[in-house]
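Should a chain be cited, it is by its letter among A, B and C, assigned in written order, with residues numbered from 1 in that chain.
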């Protein structure tokens, strides 16, 4: 029935599959969490409680990934690409849990600044679109172990950085700035910029799995 | 490599270490010289071509491990380093093996080479009719050394180097075969060290031993590399990963990859190496 | 009965059968020994050990010269046969994995079962006729032809039993080949070799046919290598055929002595080649 597998399944493969799947589960959940937070900001909805629950779930999942990674190392003495995969899953799952944390922070902004419906949200929407795209790319890079996708993330990160810096500079220079808008915008762009950074780190980890190279952090 | 396997360094105090770093002592690490240079080595068992164009250089005072699946030529390779391969009937060798820059196959008496390059085998093989004392000094006695004082000194020094002195010092007259497996292997190591070689070849030295004895042998190997160059064949990759500074991967008689152990086990350059060490074949 | 019970029964039967076979083997050997001791013991007295063969028909006298003769023959034969036999065995074991070695082995196997009377006749033709006399030399010559293949074969086997790992260990220490063979291999094989030598000695000590054709027999003590001499097997044979009771009794006595000599040699060699070091802590 079906083709004989050319290579034997190793005992370790069971653990590695679970590790990958758990990380991918975290990936999808964190994507959902960030998207919801960004959209909620645009619409002015209060989704803090929902985001909090998801963020907490991500934290718990990250602990589980970490524990599973340690177990695989202790039991199977992995080397080479297996070892790099495990190390990267630990780093990447941390990245996804940060997504959740920043999404939570974004959702909190509405609570702090009660009414920001009149603020100019263009920059934030722009950055939000890029960040959503970066998250998708980083998840695909990990799922497909695609090194080109991973490398494309640093360019995209530069775009987000620029949006953030420009907004802050304008807010600092503008003579008649609305403090609420400036502060809330800065905060949210700051969180988005951090999410983008972590997405690039995820890309770096994928590059490490595939080629063993380390990229220098900015 | 990030972990420097040097037990002696761990025992030294801080200021001693500092003085070493200031250059008043030499780290073996900085001596960038090769003890053994292997160039285009080929070996045959009658018609079977067991080693194909092997070229690699072995650093002095290091532990070099040779790994690979069964039948890949690992034992043949180290047996070519002390000219034991030619003892097999219909065995042939071509190429160069340079020990301290001198080709060991170019007209030198193989007996001299074997005194400089010692060997320890997989199954401990102490001489059954000799006592522990006689076993250790066998290499000296059988080569004509008669001075009892010299023999006593050599015996004590070798047994201490092999971490066996304390366990047998009161029972030197016992038969060599009365020791446990791990002790017998250390006895064989002491025996090899007594003739004061420069290189020690070890052919799967702990594969016949239990994990505790294996651990002792591994610690011993790391402490020995301060004075000797060690080449170890092992089918246990984790052992190579634990104790070797450099690792060579052999497959079907060819050298596939050779380099720093940490690098080879974290990110091997060759696909075949990757597949072997992750257990996808072999 | 159930198949299990039947199988147990078969098992038991096989065991009993084997035991009975062993008994059948031992009983004749045991009874021979018993008879020899029973019949030979009464013949033992001081005169028996020190006296010479007296006139036939007259009780008294002894087998002193026969004992002496047998011991001299054993010594002489061993001087020729043991070194040559051991060297051949060493050669065959260490260097004999070729056509030549195979041929030599074949001849050794042939000679192992060769009729000793033929060897006796050969020695008669070659030595006795040439020297125009029966002699110890002729006797030792014929006995060493019998001894050689036994020693060579058992030595070869004992040396082959030495594991190759021992040889390799020695060579890896930088010890030369010949030194390895002499000091390590031989020393490990020595009890096997000694067993072979004892076997050979026991065999030749009792060979009678060659002695008839080569040393003739004598009433007197050993008188030189080039003249006839006596030995125990000859004496046993001749005494047992005489019609006198005293003679037959002396024959049994001689047989007892012969067995005792071989037994003593056995014990002595085993003692000398024992492992000198304690085995356990």
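In this section, a residue touches a chain if its C-beta (ideal position, glycine included) is under 8 Å from a C-beta of that chain, and two chains touch if they have at least 3 such contacts.
Computed from a predicted model, the values in this text were never measured in an experiment.
Undergrad: A-B versus B-C: which interface comes out with more C-beta contact pairs?
TA: Taking the two pairs in turn, the one with more contacts turns out to be B-C.
Undergrad: Find me the chain with the mean Cα position closest to the mean of all the protein Cα atoms on display.
TA: Going by the distance between chain centres and the overall C-alpha centre, it is B.
Undergrad: Could you state the distance in Å from the CA-based centre of chain A to that of chain C?
TA: Taking the mean C-alpha position of each chain, the two centres sit 92 Å apart.
Undergrad: Quick one: report the Å distance separating chain B from chain C, using the average Cα coordinate of each chain.
TA: Using C-alpha averages as centres, the distance is 49 Å.
Undergrad: Considering only the defined contacts, which chain B positions touch chain A in the complex?
TA: That would be residues 237-238, 241, 265-268, 273-274, 277-281 of chain B.
Undergrad: Which residues, counting only chain A, touch chain B once they are in their complex?
TA: Result: residues 7-8, 10, 12, 77-84, 211-212 of chain A touch chain B.
Undergrad: Touching residues of chain B toward chain C in the complex: what are they?
TA: 82, 84, 87, 89, 111-115, 118-119, 121, 123, 125-131, 138-139, 142-143, 171, 173-175, 177-178, 188, 191-192, 195
Undergrad: What part of chain C is in contact with chain B in the complex they form?
TA: It comes out as residues 97, 163, 165-166, 168-176, 179-180, 183-184, 187-188, 190, 275-281.
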